[in-house]
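Presented sequentially are two complexes of subunit A, the first with subunit B as partner and the second with subunit C.
Coming up: the complex of A and B.
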């Protein structure tokens, strides 16, 4: 396993690192309100930009009148789409910095006002007059694919894109990923003609949503007199921003520094390129003066990207015994007006399309489709949450059809090492134990005590369980770097390119390094800002891969530093380098620890009593790059897209009032195989946070549109998140099947807790009211309507006392 | 952020406030009285309020009274909802106020702001409608007291430049049996789909509703229907048919109410109607139950 302990353990070393709930390094500043986020930077001479956004979803821009806005005192200028005739995009260059000639979603920026003060900029923005000639909006992916639908990007053919993305010019398809495994058509044909197999099919949908991170996005750009560009941004991807801006704007990357303070929540919403190119272009208009482009909450929700909506269809064939035989799947992702990350989200849903179930024959088409909705980017779960919801809904229907216990059905089909994924990649021995997770989740929720209980004539309690899996959707060359230097007291500094987005990465990395060196995490000082010109290259803080990859890089840096320390110490300790070990802030002879030196005496050079010195500052260098990843075959989807699969199961219990549909989520349990728990409190925090987000995602967090596809609830007055007091009891259990290539056996766990929640909750609510619910969000009114549609409440199954798990 | 220039006035007396309004209006400005500011600040930021002169009422001594007299209790319009709740003189008013927003927001929202603001819910008015409360009004022509139900039609019908100084509830509000039911879309900290306040004064049932119709409403004909059909009038021994009587009482009351329910992104009209029917039934049941003196 990577990062095993040095031997022998020095008795005075090791103060609980791996497996201990070390205090968060970022916590003291946060709880004292002293963390400096990006928008806490106020630069001399800084100008303020405010966006003018579209009040309609789809229109041709007929005119933009800026005279009145320019006339206000303090206003430096008003820029429109015509001022910046270029396209920017993450994978697919489809988006102008400001809408040009045409708007494709409600909230799309059409102009930017730059002024001396934020107030002047807001006042002027209200005076910009834009003429719109409204067009019929494309309201859903299915509408977008219908013959005769308006083509929202007629220029699609000319857009620059990476090879892994396959747009279909002349249509609204931004990307299509195909999975062709085995011969599903033959299986379905056979199933239709025999009694030994059954086929179930379902269609599912939900609207786009928002991340609602606590910190709205902000970028501050300036161009120095010598041409260097500095962008301060609330981004999860400093190196991604640098690379994309370099590519789309022709900036030599060495001239561009992206600086990231701590980020107040990302959830994927800050993983791509956001406000940075426009902030830069605006700075360029005003002689390079710093320009601050800060989203209001409303702009952050609607103008900047959110989570994709979905329309999906799943058909499953299974034997009478419940064994899955074949799957036929269609995912239509609602990417909104622009592609952004959605074209990769749809790809991730394709390679994971079956959920963690063994299905030999699979056909799937996963599409990212343009509509006139706010555009979509990465969102916690990244395609897997949408996939899981669709599959788990269908699994419930299959259990109902076969009259099998839904938990037993899942356990029967749970993947194991040796099985192949939809992309025909064999699951290696590092694969976690899904069956154990199912058992834990079922036990934690009390599945054996009955899945449906009637409390009184109006009230029922119901349980639901789902499984999940997730592998990071990352480039094949995803990398991480780390640097270690030492202070005079022998403590060390760790530099990586990882961004602290509230997940506790500084703490986790410090624990990994501390464990290897058998010192306290307090002695590992993690440098707390990322600057692309002095931090180490890192793909992006996303995909739940940061602890894994930066952890590996940090361990490599420790090994490099240890080798250098041994080399220096070998002379004064008069022994061979290989006899030396470094642990507990000392370097010592491994088989006779009495002979040794404090790290403080060696790490920045050893000085002999006569003044002679050797060595010099030790600089540990570490790196990691993803192993064995490959592209997906365009026709079959075959390939190895994911570094590691995190497996788990989630179960919930809900209480529903059958009279009006009101409900409470009473309990939510998650059992996840994380390989190794580095920090139990942080790990639980990530999982509980993800489950809470999953409850919001399933029951209330969704955009509401009017008939012209304008967002009605693009503000926190109307868009409700879970509050304290509305949470269930959370139960989190970890299974530890080591990920042997992960640091100390750990694998990713940041997003995964959200993935199974829509499936588990939908199962529980469906069971409660006796109607399969195939749309989100599940609100009390939706339950009430389903009950009304099903007829009188008498048609709801009324178990006498409680129904057994098998019913 | 409110992006435009504002004039902020802090008068020291009621008459000064009213005069300031007239003066601002005469100067061609767009004045607005300010209570706790929760509505004005958020709506001005959103471009939905364009007042350029804010006249603060929150510190006017007459608007801050909390006087308990033998026959009535007076609540200054500038008391915050939390101050009203903590006073507890009228349990129904406290209950209604406690359901508005969250604790932090209720530290700012004033009683007058809730009843006279722009949002249509105005739940704090429900007890004043139920118990025939009064409101003291100040304006360019002086002060006067008015009785609530006639003055209230969807909202308090104030003339331009008028504002509320205080509200008064009669003694009956202190110990009358009451029922309050509030239902939201999902989060409790949200506007009501239905808020039903019901009370029973001797044999008479009264109720007032917010949320369901998009404006607060008390309609005597519906109350009579509820009282007439309801089990309050039912003789002892009618227990077996109580459910039927509740249902017909509720139907009769609903028939006497407007048929046009509010619909918006939070809920459909049918759902609001169903929630109101449930609330009426539960209120009826509760106020007909044990602990209430019946004449059976």
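Coming up: the complex of A and C.
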């Protein structure tokens, strides 16, 4: 395994970095309000930009009148789409920095006002007059695909895109990923003509939603006199911003520094490129003066991208014994007006399309489709939530049809090493133990005590369980770097390109380094700001791959430093380098630890008693790049897209009032095979936080639209997030099947806790009211309507008819 | 009724110190604290009173500074996160991992601090009533609840 200890250590477990809940390095600053987020920087001469956004979802812009706005005191200028004739895009260059000629979603930025103060900019923004000739909006992916639907990007053919994305010009399809494995049509045909198999089918949907990170996005750009551009941004992707701006704006990457300190929550919403290009373009208009482009909450929710909506259809064939035989799947992702990350989200849903179940014959089409909704980017779970929700709903239907226990059905079909994924990739021996996770989740929720309990004539409690898996949707060459230097006391500094977005990455990395060197994590000082010109290259802090990849890079940097320390110490210790070991802040002869030196005496050069010196500063370099990843075949989807699969199961218990549909989520349990827990408190925090997001996502978080597709709830008053006291009892259990290429056996766990929640909660609510609920969000109102439609509350199945294993 | 207009020079009492500040009648306390006094520990989350990231204490009582005019705070004792040093509440939030990204933390810490001043041993309903005015997107509230519990068990200052 990667990162094993140097040799059995007498104090094994005494330092105990790995597996211990080390204190977060950012705790003192954060509880004292001392952490500096991007918007806490105030630069001399800084101007403030405010966006003017579209009040309609789909329109041709007839005019933009800025005279009245420019006339206000303190206003330096007003820029519109015409000022910036270029397109920017993460994978597919389809978006003008400011809308040009037409707007494609409610909230799309149309103009930017730049002024001395934010207040002046707001005042002027209110006086910009924009003429709109409204067009019929495209309201859903299915509508967008219907014959005669308006084509929202007629120029799609001319857009620049990466090879992995396959847009279909002349349509609203931004990307289509196909999975063709085995011969599903033959299986379905046989199932239709014989009694040996059953087929179930369902359609599912939910509207777009928002990340709602507590810190609104902000970018501050300036251009120095020598042409150097510095952008401070609340980004998860400092290197991504540099690369995309270089590509789309023709900026030499060496001239552009992207700086990010701490980020106030990301959840995917700050990945890729966001406000940075526009902030830069505005600075360029004003002689390179610093320009701060800060979202209001309303702009952050609607103008900046959110989570995609979905329409999906799943058909499953299974034997009478419950063994899955074939799947036929269609995912239609609502990417909104622009493609952004959505074209890769749909790809991720394709390669994971069956969920963690063994299905030999699979056909799937996963599409990213343009509509006139706010555009979508990465969102925690990245296509796997949508996939899991669709599959788990259908699994519930299958269990009902076959009169099988839903948990047993899942256990029967759970993937194992040696099975192949939808992309025909064989699951290797590092694959986690899904069956164990299912057992843990079922046990934690008390599945054996019955899945449905009637408390009194109007109150029921119901349980639901779902499985999930997730592999990071990353480029095949996703990388991470690390540098280690030493201080005079022998403590060390670790530089990476990882961004702290709340996950506690610097603490985790310090523990990994400390473990290898048998020192305290407090002796590992992690540089908590990423600057692209002095940190190490790192793809992006996303996809739950940072601990894995930066952890590997950090371990490699330690090995490099250790080799250099041995080299320096071999002379004064008068031994061969290979006899030396480094541990506990010392370098010593492994078989005779009495002979050694403190790291402090060696790490920056050894000085002999007579003053002669050798060595010099030790600088450990480490790197990691994804192994054996390949592109997906355009026709069959065959390939190896993901670094590792994290498997798990989630279960919930809800209590529903059958009179009015009000409910509480009582318990939420998650069992996940994480390979190895590096820091139990941080790991639990990630999983619990993701489960909480999943509860919100399933039960309330969704944009509401009026008949013209204008967002009605684009603020935190009307867009309801989970609040204190609404949280359930959380139960988290970790299974540890080592990921042998992960640092100390660890694999990604940051997003996964959200993935199974919509499926588990939908199952529980459906069970509670005796109606299959196939749309999100499941609000009290939706439950009430479903109960009304179903007749009366008396229709609820009697507890004796419970679907749980214990019945 | 007192009428205010244009730029006004007023005195603000923040964290036991006196500040002279030029403000306009429309300035919010959030804006004055962050931009005029440079006390950036107070966070902007929504400027609509919905999220509580901007919570400060006015005479010991939590208020949303995005919702409070600076002039309304004149002559009253303002406490921001910079005014709390290693209090039991801060120690508890650190020890219980009661934060992740930290952006909502100043608001939660101040609100909890005020809660425990008023109700040293709050029951669950009281804690909920106080803390449901603040949003946290990262933690799912479990560790915040633990931090409140931990702080309420520590010796009062």
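The rule is short, and it goes like this: the second predicted complex is superposed on the first by the 794 of 807 C-alpha atoms of A that agree within 3 Å, B and C clash if a C-alpha of one lies under 4 Å from a C-alpha of the other, contacts with A are read in each partner's own complex, and residues count from 1 in each chain.
Operating definition for what follows: contacts are C-beta pairs under 8 Å (C-beta built on N, C-alpha and C of every residue); 3 or more make two chains touch, one makes a residue touch a chain.
Please read these numbers as outputs of a predicted model, since none were measured by experiment.
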item: Partner chain in contact with A:129 - subunit B first, subunit C second, else both or neither; value: neither
item: Partner chain(s) touched by A:781 [first = subunit B, second = subunit C, both, neither]; value: first
item: First, second, both or neither for A:503, with subunit B first and subunit C second; value: second
item: First (subunit B), second (subunit C), both or neither touched by A:30; value: second
item: Which superposed partner A:659 touches (first subunit B, second subunit C, both, neither); value: first
item: Which superposed partner A:704 touches (first subunit B, second subunit C, both, neither); value: first
item: First (subunit B), second (subunit C), both or neither touched by A:688; value: second
item: Partner, of subunit C and subunit B, that touches more residues belonging to subunit A; value: C
item: Partner chain in contact with A:723 - subunit B first, subunit C second, else both or neither; value: both
item: Shared contact residues on subunit A - subunit B and subunit C; value: 119, 715, 717, 722-723, 725-726
item: Subunit A residues within the subunit C interface of the complex; value: 21, 23-24, 26-37, 39-40, 42, 119, 211-216, 262-267, 296-297, 501-504, 681-682, 685, 688-689, 691-693, 715-717, 721-727, 730
item: Complex interface listing, subunit B residues touching subunit A; value: 1, 3-4, 42, 46-47, 102, 183, 185-190, 265-268, 271, 274-275, 278
item: Subunit C residues within the subunit A interface of the complex; value: 26, 34-35, 38, 40-51, 53, 80-82, 84-85, 90-91, 93-95, 97, 99-106, 109, 124, 127-128, 131-132, 134-145
item: Subunit B-touching residues of subunit A, taken from the complex the two chains share; value: 118-120, 122-123, 126, 298, 659-660, 662, 699-700, 704, 712-713, 715, 717-718, 720, 722-723, 725-726, 779-781, 784-785
